[in-house]
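Chain naming follows the written order as A, B, C, D, E, F, G and H, and within any one chain the residues start at number 1.
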Amino acid sequence: MKKFEDLGFSKVDLDRETRTGYPEVIYGEGKTAEQIRQIMEPLIETHGKVMVTRLSEEKAEILTEAYPDARYHAISRILLYGSPREKYGGDVMVLCAGTSDLPVAEEAAVTADWMGCKVNRLYDVGVAGIDRLLAYREEIKKASVLIVVAGMEGALPSVVGGMVQRPVIAVPTSVGYGAHLQGLTPLLAMLTSCASGMSVVNIDNGFGAAYQAALILKLATEGVHHETALS
Amino acid sequence: MKKFEDLGFSKVDLDRETRTGYPEVIYGEGKTAEQIRQIMEPLIETHGKVMVTRLSEEKAEILTEAYPDARYHAISRILLYGSPREKYGGDVMVLCAGTSDLPVAEEAAVTADWMGCKVNRLYDVGVAGIDRLLAYREEIKKASVLIVVAGMEGALPSVVGGMVQRPVIAVPTSVGYGAHLQGLTPLLAMLTSCASGMSVVNIDNGFGAAYQAALILKLATEGVHHETALS
Amino acid sequence: MKKFEDLGFSKVDLDRETRTGYPEVIYGEGKTAEQIRQIMEPLIETHGKVMVTRLSEEKAEILTEAYPDARYHAISRILLYGSPREKYGGDVMVLCAGTSDLPVAEEAAVTADWMGCKVNRLYDVGVAGIDRLLAYREEIKKASVLIVVAGMEGALPSVVGGMVQRPVIAVPTSVGYGAHLQGLTPLLAMLTSCASGMSVVNIDNGFGAAYQAALILKLATEGVHHETALS
Amino acid sequence: MKKFEDLGFSKVDLDRETRTGYPEVIYGEGKTAEQIRQIMEPLIETHGKVMVTRLSEEKAEILTEAYPDARYHAISRILLYGSPREKYGGDVMVLCAGTSDLPVAEEAAVTADWMGCKVNRLYDVGVAGIDRLLAYREEIKKASVLIVVAGMEGALPSVVGGMVQRPVIAVPTSVGYGAHLQGLTPLLAMLTSCASGMSVVNIDNGFGAAYQAALILKLATEGVHHETALS
Amino acid sequence: MKKFEDLGFSKVDLDRETRTGYPEVIYGEGKTAEQIRQIMEPLIETHGKVMVTRLSEEKAEILTEAYPDARYHAISRILLYGSPREKYGGDVMVLCAGTSDLPVAEEAAVTADWMGCKVNRLYDVGVAGIDRLLAYREEIKKASVLIVVAGMEGALPSVVGGMVQRPVIAVPTSVGYGAHLQGLTPLLAMLTSCASGMSVVNIDNGFGAAYQAALILKLATEGVHHETALS
Amino acid sequence: MKKFEDLGFSKVDLDRETRTGYPEVIYGEGKTAEQIRQIMEPLIETHGKVMVTRLSEEKAEILTEAYPDARYHAISRILLYGSPREKYGGDVMVLCAGTSDLPVAEEAAVTADWMGCKVNRLYDVGVAGIDRLLAYREEIKKASVLIVVAGMEGALPSVVGGMVQRPVIAVPTSVGYGAHLQGLTPLLAMLTSCASGMSVVNIDNGFGAAYQAALILKLATEGVHHETALS
Amino acid sequence: MKKFEDLGFSKVDLDRETRTGYPEVIYGEGKTAEQIRQIMEPLIETHGKVMVTRLSEEKAEILTEAYPDARYHAISRILLYGSPREKYGGDVMVLCAGTSDLPVAEEAAVTADWMGCKVNRLYDVGVAGIDRLLAYREEIKKASVLIVVAGMEGALPSVVGGMVQRPVIAVPTSVGYGAHLQGLTPLLAMLTSCASGMSVVNIDNGFGAAYQAALILKLATEGVHHETALS
Amino acid sequence: MKKFEDLGFSKVDLDRETRTGYPEVIYGEGKTAEQIRQIMEPLIETHGKVMVTRLSEEKAEILTEAYPDARYHAISRILLYGSPREKYGGDVMVLCAGTSDLPVAEEAAVTADWMGCKVNRLYDVGVAGIDRLLAYREEIKKASVLIVVAGMEGALPSVVGGMVQRPVIAVPTSVGYGAHLQGLTPLLAMLTSCASGMSVVNIDNGFGAAYQAALILKLATEGVHHETALS
């Protein structure tokens, strides 16, 4: 089987699923609908499925005409074709701090779902009304992996990180103004969090957080050899 | 009465108490012990009291020799001479997120005390162990003004701000490393806080926060004319 | 009484007035008119009033159609429904440096008014024509709390801060170009002000400054227990 | 059992193991040896173990005198007392790009080991000599979780991320000069990586990366309920 | 012969070819079509050829009407008139990391071609699928000069730099979001590359990279006096 | 006469006085005492005078031993040899905001004096005590050129600029902390000043401000041909 | 005579000419045509002249209808009404590096002319073709004051500064891309120039440079008392 | 032959000469003398030569004791062992702007020499005294490759780039203060140069510039197949 399809302007990576567990995902921004269509073709042929992120409604219309089986999610701006090969155990909880973080939170949720994860959503639980968050403390503690999306000062992941035994992936968003610096401020804040066990992805990168969450559930589902417990 | 004393290298502002309610405070960094001593002289003569901030232990030794009645606080690096003219009603609560924020928190506490405020301290209640903070929720709600000191990602003021009906003054500290950018990160984070009613002072500026807190208690103590309540 | 209304995309905080003294305020940017309408509903039902900030004229038209009793202030881009529960003693003076700072100054003034404060405006008194400011020195000294709005180099709050015995809240604006860095320069300048007793809010955040000013007047109106004066 | 020990300057979090799976770890910088000793006491009493990071050799000498059973690792500047409660299945591979990244890589390796993970080291495999990395491709693919440490331009995690099906945690280091900006450059570079499934921690934060890796192995070892595979 | 043509708003440098080997190239942005036309005139008259970069389609239409012999390349946004005076030996290989880097890569390729270089293109060989790059290792090693274009984290030039004996010129692109900072991140990353023998040009400056590549081939074609080899 | 003396490591510019009105000034930082001595030699021989800036006390001792006629100013860290060729009409007023700005203000004052200007000093007149400044308003208005030195938020030049008909040269200083960013904040603030007729030099560059002030007085002293006044 | 006209949204400074030598200039951006018209009225009435900068063509049309005697300069975007009260001796030379710097250079030239200065223009003499600049060396040396406008790397003022005995005011422009950072790069570069006697104004601030140049010529025209020359 | 020597803490790249034309160079900073000695061993054994950069005098003493044939250059802080395998035709000219740029210029010169290039030095020819540079115009035009080192505003490479037909590699230095930002300012300035055909390396990276210069001369010496000239 050939490892990539050379379209000239693009070398479609047909080997990626073998290597990394998932087929190549198409980043929709900065590509024409026609370019995306050409890249989708060999991916669908090889894997029977494809995901396109950051896709405008205009391009989505053209592509869903070409591929009537594709579904477009307007809030997360994601186009999906096909279904996950397997469904993992455990679940991903996606939390977000405010209503305006929704598009990023949904990018994470839709991605994780499509990659085979069970997803629970807990939205608008920002720290300025800490009781809303505390009301869900038990649910939060039960999640296998947590994706915490926040704009503004990005404080939510630190609070969540101190409540759970599970990995937390923090996603800063570009929601804010002035000293918020288009998301740089929550990004830097999350990186210097006082909570341990937390890692961070790029601003608005709900996709990346979900991708890593899926890899974690995949590992946990496949299982690891258990060493002898010592105590 | 003359409005300032001209020492050539310094014009000591003897009118400041009349104008702003407090005599000039001496910023100790970048001045020699001898320069500070010369500035202290007319201030003590005029007001009977003086405060020096950011004072190294070496300079403090020289100055306490010159002014045996002066007290030096090593953690906050403040030198005090004399006592507050009046004591205000209400109280200032100084919270800090971690042990390393102590010097800044103490700068705030010592300043507020010296300016005539009753001070309550609540230290090491960072958000990664939210239960420590929640354990003191009732005390926090009773404070008249709150100074919240935090380094790292600076999330504590947002959580506190969402709990109280009183003004919150946030102080970022230079405690942290890497993406913390010597305190710029919590500074920017606090400025974009999702909690309302919060304002911010410069990095490590415990003094400035306490100064404003004292002005607030002064106003509240002096009282304002009460308009007719509408509902 | 339930503490929040869960709309799925939003958990409307109905408990906030109890906790912080004021009902939740809706940040209009990044929400659709329909989302705002849905959030307004339980807030109006619970509190009989609501405020929406950063609201475009287009959305305001839709919302004033839905709520004919709501008033829209075009310069400050604020929508108001209902009136303050109580009116505080004292007053807030809103100063601004130049004509272009008007929208931010008005955001502060309209907010403070709606929260129950008496508001005095003193506009276009930037430091390059210091006599305009000095002409109002007596009025300035009489204010209970001062909100000082300035773009460009943000020097006005430092001059005002040195004239008064009352808390000064500084608001940098995004008015300027080049080295002004969209407001970062006056923000940083205000944070390093040589005047004591001053704190700072985010760029263009007239709302936040007014919110804190209102909390200060609320405290001063409710009064604090007066300790024995010492001198 | 009490949830925290109040030492005044510190509220030692004795509940953290219950909540997050691990006892509180002491950040050694900015604390005196005596402060650290006092914090260690209740932690050792409660959990029988403790870890101190960023500890200078001078303080380590004082502490190992007080606790002769404690071991100090000079390269990673970590002090350990006690052993992991359990050992997890799978393994963590720690890779680093250059010899100067060693202290950070070792901080990760020592932490992961102490938290109960099997650790494999693969050092000095930077991308400018890509064949060194490719020579270990099979070993890399077999790791359960990968921690990739790199200074300079921080390119190594992107290459590794494209080779594996497992989560990659990237750690930028402060090794470099000029345009490297004390580690900000590789930090930002890693955040914008073209490889999916990668998340990032703060500059030089080997500890944080290892902590999250341990949480992932803990989850994988405890296992998750396996949903029915669909294809 | 006069050294420059003074058009008032522009002093067209007619001496540049003599001095630097190439006639002045017109930077199209920020100039009107009419201004460009006037600058083209003396250049065509003197040199029989001209190149315009960063030219919008609208202006290109006007100019190709005025100069029907001119060719416009839409992807690279370059307008060409005339042909290279000489063709150099060796070749320039232009590599790019992703499909969205195409416009910058083409700016480099079209420029190098027009300056007299043989150009080979190798597109979409980013490091997250390292095998695509390795598949072309032999071709890469044979190139005389390499221009490596990359957005995102900018890692490709480091890998290529470690594979070849020839000069590598790295071009960061503005393709990316968030922590990518409009291309600053790959720019800084390339400057701190762990590969030797690499230099960098401005963000999106495909033209500048090609210009230097052409100067290198020109030197190599003209030849240098060979000193006696020592071993 | 030869235009420069080639010392290998330095080409001493002996023609500069002819070209720019003043002999080359030696920047003392980053040069050894011996290098400075060698550069001084041809300058003294040609011009009979020389100035060395940013000179440490250690190097100054060595150089005053070699040139006993040289005078070292410890506060401004300047070494002078010889006297100004001519003395200009008018005067330069050097103002500074605080005591800690003294070294920079003195660098300006000593330089201007040595270049032939009459210098008046007005120190410690920062805007937080605006009355100190206003007390000298008449003197300020009479100055021919004003150099205004300020650290912190750098507001002083804006106030002075609005009071006078003469050119104002603003000098930001590195005095401050936190958001002051080692002087970047007052630098940017001064550049966006609301006062017209003001220009800015580098942080702590008292020398550069004085140099330009001297050129202005030189021009004014030499006089310009007066056009017919129109109204 | 009253010192300012209070329009509510603006306090028009009618005293400025007395204080600073020139009437208030209106900054057109961020004001409506109607607001500008209202501010123009008292200024014209008092001074018989007014200047509006940064004025769009749309607003200019409205204003020239209201004031048919006003002239609008489209390139510099300046509206002028009335003429200079006096014309100064000497002259201002405005140099610019490239054609795209024209609007800023013209803002400087038109401003200086209107303020009473004789203006000479020397455009498109950037340092990459140094001979164009050298061709005008004699003219450059004869100028009384020099305004040097440059985008890109901002190198032109340093070269000019080393050629003349007169003050150089450098103006960075926002012309450039990528590492140019919207003009921050030439701004910072000019501030660290190796040429003495140079000062800098904000990005694109041709107006500010011309304003200071006019103050210098005004001083030189009015003359200063000449001290006895010493050598 | 094995491709790398695994020392555990380092994998010494023995294959690099084959791949890239030169053996691995050791970056001395952040490594102990002992680590460097261990890395030198296999490199000397395999290639008969080695270069260590950024080496302190202290470490150099230890290493020259271990390898008495090694030579240490104190100004450039480089240790050399062995000689270049071949000497290339043409020459590298190293220019620098000021005396303080010497260490970086010498790092470039010593590196280029050791790599087999003939080196010409032209130091202290900064643009503020343009005649010094112009005095050497003919020599500059004859160089095969030019390395231009400059701190401050970094203007020199732009002027040189406009004079020659050969590739220019610009090296910014960390010499400067304030707005110079430790070299970031000249770095960014050089990247936005108005001269074509110029590329840039990291701050103070004289080594990197020389490395690329050597690769260019190597290519030119080996020669490229000459295509038919067209005109």
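What we mean here is this: a residue touches a chain if its C-beta (ideal position, glycine included) is under 8 Å from a C-beta of that chain, and two chains touch if they have at least 3 such contacts.
It should be emphasised that the depicted structure is a prediction, and the values quoted were computed from it without experimental measurement.
By the document's definition of touch, common neighbours of chain G and chain H comprise E, F. With centres computed as the average of Cα coordinates, no chain lies farther from chain F than A. Residue numbering at the chain B/chain F interface overlaps only partly, since under half of the positions present are found in both copies.
Set against the Cα centre of chain B, the chain with the most distant centre is E. Chain A and chain G have centres, each the mean of its CA atoms, that are 52 Å apart. Note: centroid distance chain F to chain G, computed from Cα atoms, is 24 Å. The centroid of the Cα atoms in chain B and the matching centroid in chain D are 37 Å apart.
Multi-chain contact residues of chain A, defined as those touching 2 or more other chains: 16, 19, 129, 161-163, 177-180, 187, 191-192, 196, 202.
Contacting chain pairs (ordered by label): A-B, A-C, A-D, A-E, B-C, B-D, B-F, C-F, C-G, D-E, D-H, E-G, E-H, F-G, F-H, G-H.
Touching chain F in their complex are the following residues of chain G: 16, 19-22, 25, 83-90, 116, 118, 144-145, 161-167, 169, 187, 191-192, 196-202, 207-209, 211-212, 215-221, 223-231.
Residues 3-4, 8-11, 13, 15-16, 19, 24, 27, 29-31, 35, 39, 172, 174, 182-184, 187, 202-205 of chain D touch chain B in their complex.
For chain C in complex with chain G, the touching residues are 99-100, 102, 123-125, 129, 131-132, 135, 175, 177-180. Those residues of chain G that touch chain H in the complex are listed here as 97-98, 126-130, 134, 152-155, 158-159, 161-163, 176-181, 184-196.
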